[in-house]
Amino acid sequence: MATIEQIQHFFDTEFAHSNIVIESISPRQSTIRRSVTERDLRPGGTVSGPFMMALIDASLYATIFGELGLLVSAVTTNLTINFLNKPSSEVDVIAKCNLLKLGTTLVVGEVTLYSEGKLEPIAHAVGTYSIPKV
Amino acid sequence: MATIEQIQHFFDTEFAHSNIVIESISPRQSTIRRSVTERDLRPGGTVSGPFMMALIDASLYATIFGELGLLVSAVTTNLTINFLNKPSSEVDVIAKCNLLKLGTTLVVGEVTLYSEGKLEPIAHAVGTYSIPKV
Amino acid sequence: MATIEQIQHFFDTEFAHSNIVIESISPRQSTIRRSVTERDLRPGGTVSGPFMMALIDASLYATIFGELGLLVSAVTTNLTINFLNKPSSEVDVIAKCNLLKLGTTLVVGEVTLYSEGKLEPIAHAVGTYSIPKV
Amino acid sequence: MATIEQIQHFFDTEFAHSNIVIESISPRQSTIRRSVTERDLRPGGTVSGPFMMALIDASLYATIFGELGLLVSAVTTNLTINFLNKPSSEVDVIAKCNLLKLGTTLVVGEVTLYSEGKLEPIAHAVGTYSIPKV
(Lines give C-alpha, C1' and ligand atoms only; values in the text may rest on other atoms or scores of the structure.)
Protein backbone atom coordinates (compact mmCIF):
# COMPACT_ATOMS: atom_id res chain seq x y z
CA MET A 1 0.00 0.00 0.00
CA ALA A 2 1.25 3.45 -0.87
CA THR A 3 0.35 6.63 1.01
CA ILE A 4 -1.23 9.65 -0.62
CA GLU A 5 2.14 11.46 -0.33
CA GLN A 6 3.98 8.64 -2.09
CA ILE A 7 1.43 8.54 -4.90
CA GLN A 8 1.50 12.34 -5.28
CA HIS A 9 5.30 12.21 -5.41
CA PHE A 10 5.14 9.53 -8.11
CA PHE A 11 2.92 11.66 -10.35
CA ASP A 12 4.97 14.83 -9.71
CA THR A 13 8.14 12.99 -10.66
CA GLU A 14 7.07 10.69 -13.48
CA PHE A 15 4.38 12.88 -15.02
CA ALA A 16 5.86 16.25 -14.26
CA HIS A 17 3.46 18.41 -16.25
CA SER A 18 0.32 16.42 -15.69
CA ASN A 19 -1.09 18.87 -13.08
CA ILE A 20 -2.62 16.01 -11.11
CA VAL A 21 -3.51 16.42 -7.45
CA ILE A 22 -4.46 13.41 -5.34
CA GLU A 23 -7.34 14.46 -3.13
CA SER A 24 -8.09 11.21 -1.30
CA ILE A 25 -7.21 7.54 -1.32
CA SER A 26 -9.33 5.00 0.54
CA PRO A 27 -9.84 1.25 0.20
CA ARG A 28 -10.61 0.58 -3.46
CA GLN A 29 -11.42 4.25 -4.08
CA SER A 30 -9.76 7.54 -4.86
CA THR A 31 -10.53 11.09 -5.88
CA ILE A 32 -8.04 13.08 -7.92
CA ARG A 33 -8.23 16.35 -9.85
CA ARG A 34 -6.51 17.88 -12.85
CA SER A 35 -6.43 21.53 -13.82
CA VAL A 36 -7.09 22.46 -17.44
CA THR A 37 -4.38 24.39 -19.29
CA GLU A 38 -4.42 26.23 -22.60
CA ARG A 39 -2.87 23.19 -24.21
CA ASP A 40 -5.76 20.94 -23.19
CA LEU A 41 -8.48 23.03 -24.80
CA ARG A 42 -10.30 22.26 -28.01
CA PRO A 43 -12.06 24.59 -30.44
CA GLY A 44 -15.48 25.38 -28.98
CA GLY A 45 -14.26 25.81 -25.41
CA THR A 46 -14.11 22.19 -24.40
CA VAL A 47 -11.45 19.83 -23.05
CA SER A 48 -9.60 17.29 -25.20
CA GLY A 49 -10.25 13.55 -25.10
CA PRO A 50 -6.59 12.70 -24.43
CA PHE A 51 -6.66 15.06 -21.40
CA MET A 52 -9.56 13.02 -20.05
CA MET A 53 -7.92 9.71 -20.89
CA ALA A 54 -4.72 10.68 -19.09
CA LEU A 55 -6.77 11.63 -16.02
CA ILE A 56 -8.73 8.35 -16.14
CA ASP A 57 -5.50 6.36 -16.37
CA ALA A 58 -3.93 8.31 -13.49
CA SER A 59 -7.06 7.79 -11.41
CA LEU A 60 -6.92 4.01 -11.86
CA TYR A 61 -3.18 3.87 -11.17
CA ALA A 62 -3.57 5.98 -8.01
CA THR A 63 -6.25 3.65 -6.67
CA ILE A 64 -4.25 0.52 -7.53
CA PHE A 65 -1.15 2.04 -5.89
CA GLY A 66 -3.26 2.73 -2.79
CA GLU A 67 -4.05 -0.99 -2.60
CA LEU A 68 -0.89 -2.66 -3.89
CA GLY A 69 1.93 -0.12 -3.52
CA LEU A 70 3.75 1.75 -6.29
CA LEU A 71 3.30 -1.06 -8.77
CA VAL A 72 4.69 0.78 -11.74
CA SER A 73 4.87 -2.37 -13.81
CA ALA A 74 1.05 -2.68 -13.96
CA VAL A 75 -0.12 -2.10 -17.54
CA THR A 76 -3.43 -0.97 -18.95
CA THR A 77 -4.85 -3.72 -21.16
CA ASN A 78 -8.34 -2.43 -21.87
CA LEU A 79 -10.11 0.90 -21.53
CA THR A 80 -13.69 1.76 -22.47
CA ILE A 81 -14.69 5.41 -22.25
CA ASN A 82 -18.18 6.84 -22.67
CA PHE A 83 -18.23 10.58 -23.27
CA LEU A 84 -21.42 11.85 -21.65
CA ASN A 85 -21.52 15.63 -21.48
CA LYS A 86 -19.37 18.48 -22.74
CA PRO A 87 -16.71 19.37 -20.18
CA SER A 88 -16.27 22.94 -19.01
CA SER A 89 -12.93 24.51 -19.98
CA GLU A 90 -13.03 26.83 -16.97
CA VAL A 91 -12.91 24.49 -13.99
CA ASP A 92 -10.79 21.51 -12.90
CA VAL A 93 -11.84 18.01 -13.83
CA ILE A 94 -12.43 15.63 -10.91
CA ALA A 95 -12.00 11.85 -11.26
CA LYS A 96 -13.66 9.44 -8.84
CA CYS A 97 -12.43 5.86 -9.09
CA ASN A 98 -13.93 2.67 -7.71
CA LEU A 99 -12.23 -0.71 -8.12
CA LEU A 100 -14.65 -3.45 -9.21
CA LYS A 101 -12.20 -6.32 -8.92
CA LEU A 102 -8.84 -6.61 -7.21
CA GLY A 103 -7.54 -9.93 -8.48
CA THR A 104 -4.05 -11.36 -8.42
CA THR A 105 -3.50 -10.96 -12.16
CA LEU A 106 -6.19 -8.48 -13.26
CA VAL A 107 -7.61 -5.37 -11.63
CA VAL A 108 -10.79 -3.79 -13.02
CA GLY A 109 -12.00 -0.35 -12.02
CA GLU A 110 -14.41 2.35 -13.06
CA VAL A 111 -13.84 6.09 -13.15
CA THR A 112 -16.40 8.88 -13.36
CA LEU A 113 -15.25 12.35 -14.46
CA TYR A 114 -16.94 15.59 -13.43
CA SER A 115 -16.33 19.22 -14.24
CA GLU A 116 -15.90 20.66 -10.74
CA GLY A 117 -19.17 21.84 -9.25
CA LYS A 118 -21.38 20.09 -11.81
CA LEU A 119 -23.72 17.22 -10.95
CA GLU A 120 -23.82 15.40 -14.29
CA PRO A 121 -20.69 13.42 -15.17
CA ILE A 122 -18.76 14.36 -18.31
CA ALA A 123 -17.36 10.86 -18.89
CA HIS A 124 -17.34 7.35 -17.49
CA ALA A 125 -14.68 4.72 -18.05
CA VAL A 126 -13.93 1.13 -17.16
CA GLY A 127 -10.34 -0.08 -17.33
CA THR A 128 -8.47 -3.35 -16.86
CA TYR A 129 -4.90 -3.51 -15.59
CA SER A 130 -2.64 -6.51 -15.79
CA ILE A 131 -0.57 -7.07 -12.67
CA PRO A 132 2.78 -8.70 -13.47
CA LYS A 133 3.95 -11.74 -11.58
CA VAL A 134 6.78 -10.88 -9.23
CA MET B 1 -42.77 6.95 -17.16
CA ALA B 2 -43.88 3.37 -16.69
CA THR B 3 -44.81 1.78 -13.36
CA ILE B 4 -43.15 -1.30 -11.97
CA GLU B 5 -46.33 -3.28 -12.81
CA GLN B 6 -46.29 -2.12 -16.43
CA ILE B 7 -42.63 -3.00 -16.80
CA GLN B 8 -43.11 -6.41 -15.17
CA HIS B 9 -46.05 -7.06 -17.50
CA PHE B 10 -43.90 -6.14 -20.49
CA PHE B 11 -41.21 -8.67 -19.57
CA ASP B 12 -43.77 -11.38 -18.74
CA THR B 13 -45.43 -10.89 -22.12
CA GLU B 14 -42.56 -10.19 -24.47
CA PHE B 15 -39.88 -12.33 -22.79
CA ALA B 16 -42.13 -15.05 -21.42
CA HIS B 17 -39.44 -17.46 -20.24
CA SER B 18 -36.91 -14.95 -19.08
CA ASN B 19 -37.71 -15.41 -15.35
CA ILE B 20 -37.13 -11.75 -14.68
CA VAL B 21 -38.60 -10.07 -11.60
CA ILE B 22 -38.52 -6.29 -11.23
CA GLU B 23 -37.67 -5.53 -7.60
CA SER B 24 -37.57 -1.75 -7.65
CA ILE B 25 -37.59 1.20 -10.03
CA SER B 26 -36.53 4.66 -8.91
CA PRO B 27 -35.26 7.74 -10.74
CA ARG B 28 -32.40 6.59 -12.99
CA GLN B 29 -32.06 3.32 -11.06
CA SER B 30 -33.53 -0.16 -10.84
CA THR B 31 -32.95 -3.53 -9.25
CA ILE B 32 -34.12 -6.69 -10.99
CA ARG B 33 -33.42 -10.38 -10.45
CA ARG B 34 -33.35 -13.50 -12.58
CA SER B 35 -33.51 -17.10 -11.40
CA VAL B 36 -31.06 -19.60 -12.87
CA THR B 37 -32.52 -22.64 -14.63
CA GLU B 38 -30.91 -25.88 -15.81
CA ARG B 39 -30.68 -24.39 -19.26
CA ASP B 40 -28.55 -21.47 -18.08
CA LEU B 41 -25.83 -23.58 -16.49
CA ARG B 42 -22.37 -24.22 -17.90
CA PRO B 43 -19.99 -27.10 -17.26
CA GLY B 44 -18.25 -26.43 -13.96
CA GLY B 45 -21.38 -25.19 -12.14
CA THR B 46 -21.43 -21.66 -13.43
CA VAL B 47 -23.89 -19.45 -15.29
CA SER B 48 -23.68 -18.72 -19.02
CA GLY B 49 -22.54 -15.42 -20.47
CA PRO B 50 -25.68 -15.00 -22.59
CA PHE B 51 -27.81 -15.44 -19.41
CA MET B 52 -25.91 -12.52 -17.91
CA MET B 53 -26.14 -10.44 -21.07
CA ALA B 54 -29.91 -10.92 -21.27
CA LEU B 55 -30.21 -9.80 -17.64
CA ILE B 56 -27.99 -6.75 -18.25
CA ASP B 57 -30.07 -5.77 -21.26
CA ALA B 58 -33.33 -6.22 -19.34
CA SER B 59 -31.95 -4.17 -16.47
CA LEU B 60 -31.11 -1.24 -18.74
CA TYR B 61 -34.47 -1.44 -20.53
CA ALA B 62 -36.35 -1.55 -17.22
CA THR B 63 -34.58 1.59 -15.99
CA ILE B 64 -35.12 3.43 -19.28
CA PHE B 65 -38.82 2.42 -19.25
CA GLY B 66 -39.05 3.80 -15.69
CA GLU B 67 -37.86 7.17 -17.00
CA LEU B 68 -39.35 7.36 -20.49
CA GLY B 69 -42.26 4.91 -20.59
CA LEU B 70 -42.43 1.60 -22.48
CA LEU B 71 -40.14 2.80 -25.22
CA VAL B 72 -39.87 -0.52 -26.99
CA SER B 73 -38.24 1.05 -30.02
CA ALA B 74 -35.07 1.91 -28.08
CA VAL B 75 -32.19 -0.18 -29.39
CA THR B 76 -28.92 -1.26 -27.83
CA THR B 77 -26.03 0.20 -29.82
CA ASN B 78 -23.06 -0.63 -27.62
CA LEU B 79 -22.44 -2.96 -24.69
CA THR B 80 -19.19 -3.50 -22.79
CA ILE B 81 -19.18 -6.30 -20.21
CA ASN B 82 -16.41 -7.10 -17.74
CA PHE B 83 -16.69 -10.55 -16.19
CA LEU B 84 -15.30 -10.22 -12.68
CA ASN B 85 -16.00 -13.31 -10.58
CA LYS B 86 -17.49 -16.74 -11.20
CA PRO B 87 -21.26 -16.66 -10.63
CA SER B 88 -22.93 -19.16 -8.35
CA SER B 89 -25.31 -21.58 -10.07
CA GLU B 90 -27.40 -21.96 -6.94
CA VAL B 91 -28.79 -18.52 -6.29
CA ASP B 92 -30.56 -15.83 -8.30
CA VAL B 93 -28.56 -13.17 -10.08
CA ILE B 94 -29.34 -9.56 -9.08
CA ALA B 95 -28.83 -6.64 -11.46
CA LYS B 96 -28.46 -3.09 -10.17
CA CYS B 97 -28.66 -0.42 -12.86
CA ASN B 98 -27.68 3.25 -12.72
CA LEU B 99 -28.21 5.59 -15.67
CA LEU B 100 -25.16 7.78 -16.36
CA LYS B 101 -26.77 9.91 -19.06
CA LEU B 102 -30.37 10.42 -20.03
CA GLY B 103 -30.11 12.32 -23.28
CA THR B 104 -32.66 12.95 -25.99
CA THR B 105 -31.01 10.61 -28.50
CA LEU B 106 -28.66 8.45 -26.39
CA VAL B 107 -29.04 6.90 -22.96
CA VAL B 108 -25.98 5.43 -21.21
CA GLY B 109 -26.21 3.26 -18.14
CA GLU B 110 -24.16 0.89 -16.04
CA VAL B 111 -25.25 -2.41 -14.54
CA THR B 112 -23.56 -4.41 -11.78
CA LEU B 113 -24.48 -8.10 -11.39
CA TYR B 114 -24.30 -10.01 -8.10
CA SER B 115 -24.97 -13.60 -7.15
CA GLU B 116 -27.57 -13.10 -4.42
CA GLY B 117 -26.03 -12.76 -0.98
CA LYS B 118 -22.49 -12.18 -2.22
CA LEU B 119 -20.60 -8.92 -1.78
CA GLU B 120 -18.27 -9.06 -4.77
CA PRO B 121 -19.91 -8.39 -8.16
CA ILE B 122 -19.82 -11.12 -10.81
CA ALA B 123 -19.98 -8.73 -13.75
CA HIS B 124 -20.17 -5.05 -14.65
CA ALA B 125 -21.50 -3.60 -17.88
CA VAL B 126 -21.97 -0.25 -19.56
CA GLY B 127 -24.52 0.05 -22.35
CA THR B 128 -25.68 2.70 -24.78
CA TYR B 129 -29.23 2.85 -26.12
CA SER B 130 -30.39 4.87 -29.07
CA ILE B 131 -33.74 6.57 -28.55
CA PRO B 132 -35.68 6.94 -31.80
CA LYS B 133 -37.16 10.26 -32.81
CA VAL B 134 -40.94 10.21 -32.46
CA MET C 1 -4.00 -27.09 -31.74
CA ALA C 2 -7.40 -28.66 -32.20
CA THR C 3 -8.83 -29.79 -35.53
CA ILE C 4 -12.10 -28.56 -36.93
CA GLU C 5 -13.65 -31.96 -36.09
CA GLN C 6 -12.53 -31.76 -32.47
CA ILE C 7 -13.87 -28.23 -32.09
CA GLN C 8 -17.18 -29.18 -33.74
CA HIS C 9 -17.45 -32.18 -31.39
CA PHE C 10 -16.82 -29.91 -28.41
CA PHE C 11 -19.68 -27.58 -29.34
CA ASP C 12 -22.03 -30.48 -30.17
CA THR C 13 -21.32 -32.04 -26.80
CA GLU C 14 -21.02 -29.11 -24.45
CA PHE C 15 -23.49 -26.75 -26.13
CA ALA C 16 -25.90 -29.31 -27.50
CA HIS C 17 -28.63 -26.96 -28.66
CA SER C 18 -26.45 -24.12 -29.84
CA ASN C 19 -26.81 -24.98 -33.55
CA ILE C 20 -23.26 -23.93 -34.23
CA VAL C 21 -21.40 -25.16 -37.31
CA ILE C 22 -17.66 -24.60 -37.68
CA GLU C 23 -17.02 -23.67 -41.31
CA SER C 24 -13.29 -23.06 -41.25
CA ILE C 25 -10.36 -22.71 -38.87
CA SER C 26 -7.06 -21.21 -39.99
CA PRO C 27 -4.17 -19.54 -38.16
CA ARG C 28 -5.68 -16.87 -35.90
CA GLN C 29 -8.96 -16.95 -37.85
CA SER C 30 -12.22 -18.85 -38.06
CA THR C 31 -15.64 -18.72 -39.66
CA ILE C 32 -18.62 -20.29 -37.92
CA ARG C 33 -22.37 -20.08 -38.45
CA ARG C 34 -25.49 -20.42 -36.33
CA SER C 35 -29.02 -21.02 -37.51
CA VAL C 36 -31.82 -18.93 -36.05
CA THR C 37 -34.66 -20.77 -34.28
CA GLU C 38 -38.07 -19.59 -33.11
CA ARG C 39 -36.65 -19.17 -29.64
CA ASP C 40 -34.02 -16.67 -30.83
CA LEU C 41 -36.45 -14.24 -32.42
CA ARG C 42 -37.54 -10.91 -31.02
CA PRO C 43 -40.71 -8.92 -31.67
CA GLY C 44 -40.26 -7.10 -34.98
CA GLY C 45 -38.64 -10.04 -36.80
CA THR C 46 -35.12 -9.63 -35.48
CA VAL C 47 -32.62 -11.79 -33.62
CA SER C 48 -31.92 -11.49 -29.90
CA GLY C 49 -28.79 -9.92 -28.43
CA PRO C 50 -27.96 -13.00 -26.32
CA PHE C 51 -28.12 -15.16 -29.50
CA MET C 52 -25.47 -12.89 -31.02
CA MET C 53 -23.38 -12.85 -27.85
CA ALA C 54 -23.37 -16.65 -27.65
CA LEU C 55 -22.21 -16.80 -31.26
CA ILE C 56 -19.48 -14.21 -30.65
CA ASP C 57 -18.24 -16.15 -27.64
CA ALA C 58 -18.27 -19.45 -29.57
CA SER C 59 -16.41 -17.80 -32.44
CA LEU C 60 -13.62 -16.59 -30.16
CA TYR C 61 -13.38 -19.95 -28.37
CA ALA C 62 -13.24 -21.84 -31.68
CA THR C 63 -10.37 -19.67 -32.90
CA ILE C 64 -8.46 -19.96 -29.61
CA PHE C 65 -8.99 -23.76 -29.66
CA GLY C 66 -7.59 -23.80 -33.19
CA GLU C 67 -4.41 -22.20 -31.89
CA LEU C 68 -4.02 -23.63 -28.40
CA GLY C 69 -6.07 -26.84 -28.31
CA LEU C 70 -9.33 -27.43 -26.42
CA LEU C 71 -8.44 -25.03 -23.68
CA VAL C 72 -11.77 -25.18 -21.91
CA SER C 73 -10.42 -23.35 -18.87
CA ALA C 74 -9.97 -20.11 -20.82
CA VAL C 75 -12.42 -17.52 -19.50
CA THR C 76 -13.92 -14.41 -21.07
CA THR C 77 -12.85 -11.37 -19.08
CA ASN C 78 -14.06 -8.53 -21.30
CA LEU C 79 -16.44 -8.22 -24.22
CA THR C 80 -17.42 -5.08 -26.12
CA ILE C 81 -20.18 -5.42 -28.69
CA ASN C 82 -21.33 -2.78 -31.17
CA PHE C 83 -24.72 -3.51 -32.72
CA LEU C 84 -24.58 -2.10 -36.23
CA ASN C 85 -27.54 -3.18 -38.32
CA LYS C 86 -30.75 -5.11 -37.71
CA PRO C 87 -30.18 -8.82 -38.27
CA SER C 88 -32.44 -10.81 -40.56
CA SER C 89 -34.52 -13.48 -38.84
CA GLU C 90 -34.64 -15.59 -41.98
CA VAL C 91 -31.05 -16.53 -42.63
CA ASP C 92 -28.15 -17.93 -40.61
CA VAL C 93 -25.77 -15.61 -38.83
CA ILE C 94 -22.10 -15.92 -39.82
CA ALA C 95 -19.26 -15.03 -37.43
CA LYS C 96 -15.79 -14.20 -38.72
CA CYS C 97 -13.11 -14.07 -36.04
CA ASN C 98 -9.62 -12.63 -36.17
CA LEU C 99 -7.22 -12.82 -33.21
CA LEU C 100 -5.45 -9.53 -32.52
CA LYS C 101 -3.12 -10.84 -29.83
CA LEU C 102 -2.15 -14.36 -28.85
CA GLY C 103 -0.29 -13.82 -25.60
CA THR C 104 0.65 -16.29 -22.90
CA THR C 105 -1.87 -14.95 -20.41
CA LEU C 106 -4.32 -12.91 -22.50
CA VAL C 107 -5.81 -13.48 -25.93
CA VAL C 108 -7.67 -10.63 -27.69
CA GLY C 109 -9.80 -11.15 -30.76
CA GLU C 110 -12.41 -9.43 -32.86
CA VAL C 111 -15.55 -10.92 -34.37
CA THR C 112 -17.74 -9.52 -37.12
CA LEU C 113 -21.28 -10.90 -37.52
CA TYR C 114 -23.19 -10.98 -40.80
CA SER C 115 -26.66 -12.11 -41.77
CA GLU C 116 -25.83 -14.63 -44.48
CA GLY C 117 -25.69 -13.06 -47.92
CA LYS C 118 -25.57 -9.47 -46.67
CA LEU C 119 -22.58 -7.16 -47.13
CA GLU C 120 -23.04 -4.88 -44.13
CA PRO C 121 -22.16 -6.41 -40.75
CA ILE C 122 -24.88 -6.68 -38.09
CA ALA C 123 -22.48 -6.53 -35.15
CA HIS C 124 -18.82 -6.25 -34.26
CA ALA C 125 -17.20 -7.37 -31.02
CA VAL C 126 -13.82 -7.39 -29.34
CA GLY C 127 -13.20 -9.88 -26.55
CA THR C 128 -10.41 -10.70 -24.11
CA TYR C 129 -9.81 -14.20 -22.78
CA SER C 130 -7.64 -15.07 -19.82
CA ILE C 131 -5.52 -18.18 -20.35
CA PRO C 132 -4.91 -20.04 -17.08
CA LYS C 133 -1.44 -21.11 -16.09
CA VAL C 134 -1.02 -24.85 -16.42
CA MET D 1 -16.43 14.38 -48.94
CA ALA D 2 -13.17 16.07 -48.07
CA THR D 3 -9.89 15.59 -49.93
CA ILE D 4 -6.70 14.42 -48.30
CA GLU D 5 -5.35 17.99 -48.59
CA GLN D 6 -8.38 19.46 -46.84
CA ILE D 7 -8.14 16.93 -44.03
CA GLN D 8 -4.40 17.49 -43.64
CA HIS D 9 -5.02 21.24 -43.52
CA PHE D 10 -7.65 20.73 -40.82
CA PHE D 11 -5.25 18.81 -38.57
CA ASP D 12 -2.38 21.24 -39.22
CA THR D 13 -4.61 24.16 -38.27
CA GLU D 14 -6.74 22.81 -35.45
CA PHE D 15 -4.23 20.42 -33.90
CA ALA D 16 -1.06 22.32 -34.68
CA HIS D 17 1.39 20.23 -32.66
CA SER D 18 -0.18 16.85 -33.24
CA ASN D 19 2.42 15.76 -35.82
CA ILE D 20 -0.21 13.89 -37.79
CA VAL D 21 0.31 13.05 -41.46
CA ILE D 22 -2.55 11.71 -43.57
CA GLU D 23 -1.13 8.98 -45.79
CA SER D 24 -4.26 7.83 -47.60
CA ILE D 25 -8.00 8.22 -47.59
CA SER D 26 -10.26 5.80 -49.45
CA PRO D 27 -13.92 4.80 -49.11
CA ARG D 28 -14.49 3.96 -45.45
CA GLN D 29 -10.75 3.64 -44.83
CA SER D 30 -7.69 5.71 -44.05
CA THR D 31 -4.07 5.39 -43.02
CA ILE D 32 -2.42 8.13 -40.98
CA ARG D 33 0.84 8.35 -39.05
CA ARG D 34 2.15 10.27 -36.07
CA SER D 35 5.76 10.82 -35.08
CA VAL D 36 6.76 10.30 -31.47
CA THR D 37 8.33 13.24 -29.64
CA GLU D 38 10.16 13.43 -26.31
CA ARG D 39 6.94 14.59 -24.72
CA ASP D 40 5.09 11.42 -25.74
CA LEU D 41 7.52 8.99 -24.11
CA ARG D 42 6.98 7.09 -20.91
CA PRO D 43 9.52 5.65 -18.49
CA GLY D 44 10.75 2.36 -19.94
CA GLY D 45 11.02 3.62 -23.51
CA THR D 46 7.39 3.32 -24.52
CA VAL D 47 4.72 5.64 -25.86
CA SER D 48 1.96 7.14 -23.72
CA GLY D 49 -1.65 6.02 -23.80
CA PRO D 50 -2.98 9.53 -24.48
CA PHE D 51 -0.64 9.77 -27.51
CA MET D 52 -2.29 6.62 -28.87
CA MET D 53 -5.78 7.82 -28.02
CA ALA D 54 -5.22 11.13 -29.82
CA LEU D 55 -4.03 9.20 -32.89
CA ILE D 56 -7.02 6.84 -32.77
CA ASP D 57 -9.40 9.77 -32.54
CA ALA D 58 -7.68 11.59 -35.42
CA SER D 59 -7.80 8.41 -37.50
CA LEU D 60 -11.55 8.06 -37.05
CA TYR D 61 -12.18 11.75 -37.74
CA ALA D 62 -10.03 11.64 -40.89
CA THR D 63 -12.00 8.67 -42.23
CA ILE D 64 -15.36 10.25 -41.38
CA PHE D 65 -14.26 13.51 -43.02
CA GLY D 66 -13.31 11.51 -46.12
CA GLU D 67 -16.89 10.26 -46.32
CA LEU D 68 -18.95 13.17 -45.03
CA GLY D 69 -16.80 16.29 -45.41
CA LEU D 70 -15.18 18.34 -42.62
CA LEU D 71 -17.91 17.53 -40.15
CA VAL D 72 -16.26 19.14 -37.17
CA SER D 73 -19.41 18.91 -35.11
CA ALA D 74 -19.22 15.10 -34.96
CA VAL D 75 -18.50 14.02 -31.38
CA THR D 76 -16.94 10.89 -29.95
CA THR D 77 -19.50 9.13 -27.75
CA ASN D 78 -17.76 5.82 -27.03
CA LEU D 79 -14.23 4.50 -27.38
CA THR D 80 -12.90 1.07 -26.44
CA ILE D 81 -9.15 0.55 -26.66
CA ASN D 82 -7.28 -2.74 -26.23
CA PHE D 83 -3.57 -2.28 -25.64
CA LEU D 84 -1.91 -5.29 -27.26
CA ASN D 85 1.87 -4.91 -27.42
CA LYS D 86 4.41 -2.40 -26.16
CA PRO D 87 4.94 0.36 -28.73
CA SER D 88 8.43 1.27 -29.88
CA SER D 89 9.55 4.77 -28.92
CA GLU D 90 11.85 4.98 -31.94
CA VAL D 91 9.52 4.79 -34.92
CA ASP D 92 6.31 6.49 -36.01
CA VAL D 93 2.97 5.01 -35.07
CA ILE D 94 0.68 4.11 -37.98
CA ALA D 95 -3.13 4.04 -37.65
CA LYS D 96 -5.29 2.08 -40.06
CA CYS D 97 -9.00 2.84 -39.82
CA ASN D 98 -11.97 0.93 -41.19
CA LEU D 99 -15.55 2.18 -40.79
CA LEU D 100 -17.95 -0.57 -39.71
CA LYS D 101 -21.11 1.50 -39.99
CA LEU D 102 -21.83 4.78 -41.70
CA GLY D 103 -25.28 5.65 -40.42
CA THR D 104 -27.17 8.92 -40.48
CA THR D 105 -26.84 9.51 -36.74
CA LEU D 106 -24.03 7.17 -35.65
CA VAL D 107 -20.76 6.16 -37.28
CA VAL D 108 -18.79 3.22 -35.88
CA GLY D 109 -15.22 2.46 -36.89
CA GLU D 110 -12.24 0.42 -35.84
CA VAL D 111 -8.60 1.48 -35.76
CA THR D 112 -5.50 -0.70 -35.54
CA LEU D 113 -2.21 0.89 -34.44
CA TYR D 114 1.22 -0.36 -35.48
CA SER D 115 4.75 0.72 -34.66
CA GLU D 116 6.12 1.32 -38.15
CA GLY D 117 7.70 -1.76 -39.63
CA LYS D 118 6.25 -4.19 -37.09
CA LEU D 119 3.72 -6.90 -37.94
CA GLU D 120 1.94 -7.23 -34.60
CA PRO D 121 -0.43 -4.37 -33.72
CA ILE D 122 0.24 -2.32 -30.59
CA ALA D 123 -3.40 -1.38 -30.01
CA HIS D 124 -6.89 -1.82 -31.41
CA ALA D 125 -9.85 0.47 -30.85
CA VAL D 126 -13.51 0.76 -31.74
CA GLY D 127 -15.17 4.15 -31.58
CA THR D 128 -18.65 5.59 -32.04
CA TYR D 129 -19.26 9.11 -33.31
CA SER D 130 -22.54 10.95 -33.12
CA ILE D 131 -23.37 12.93 -36.25
CA PRO D 132 -25.41 16.03 -35.44
CA LYS D 133 -28.59 16.80 -37.34
CA VAL D 134 -28.09 19.68 -39.72
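Note that the chains are named A, B, C and D in the order they appear, and that numbering of residues resets to 1 at the start of each chain.
FYI, a contact is a pair of C-beta atoms (placed from the backbone, for glycine too) under 8 Å apart; a residue touches a chain by one contact, two chains touch by 3 or more.
Please read these numbers as outputs of a predicted model, since none were measured by experiment.
> Suppose chain centres are the mean of their C-alpha atoms. Which chain sits farthest from chain A?
Relative to chain A, the chain with the farthest C-alpha centre is C.
> Contact counts by the stated rule: is the higher one at A-C or B-C?
Spelling it out, more C-beta pairs touch across B-C than across the other pair.
> Roughly how many whole angstrom separate the Cα centroids of chain A and chain C?
From the centre of chain A to the centre of chain C is 34 Å.
> Rounded to the nearest whole Å, what is the centre-to-centre distance of chain B and chain C, using the mean of the C-alpha atoms as each centre?
23
> Return the residues of chain A touching two or more other chains; collapse runs of consecutive numbers into ranges.
Residues 77-78, 80, 82, 128 of chain A each touch two or more of the other chains.
> Any idea which chain A residues touch chain D in the complex?
14, 43, 48-51, 53-54, 57, 72, 75-83
> Would you tell me which residues of chain D are touching chain B in their complex?
Residues in contact with chain B: 77-78, 80, 105-106, 128, 130.
> Name, in rising order, each residue of chain A that touches chain B in their complex.
Per the touch definition, chain A meets chain B at residues 80, 82, 84-85, 100-101, 108, 110, 112, 120-121, 124, 126, 128.
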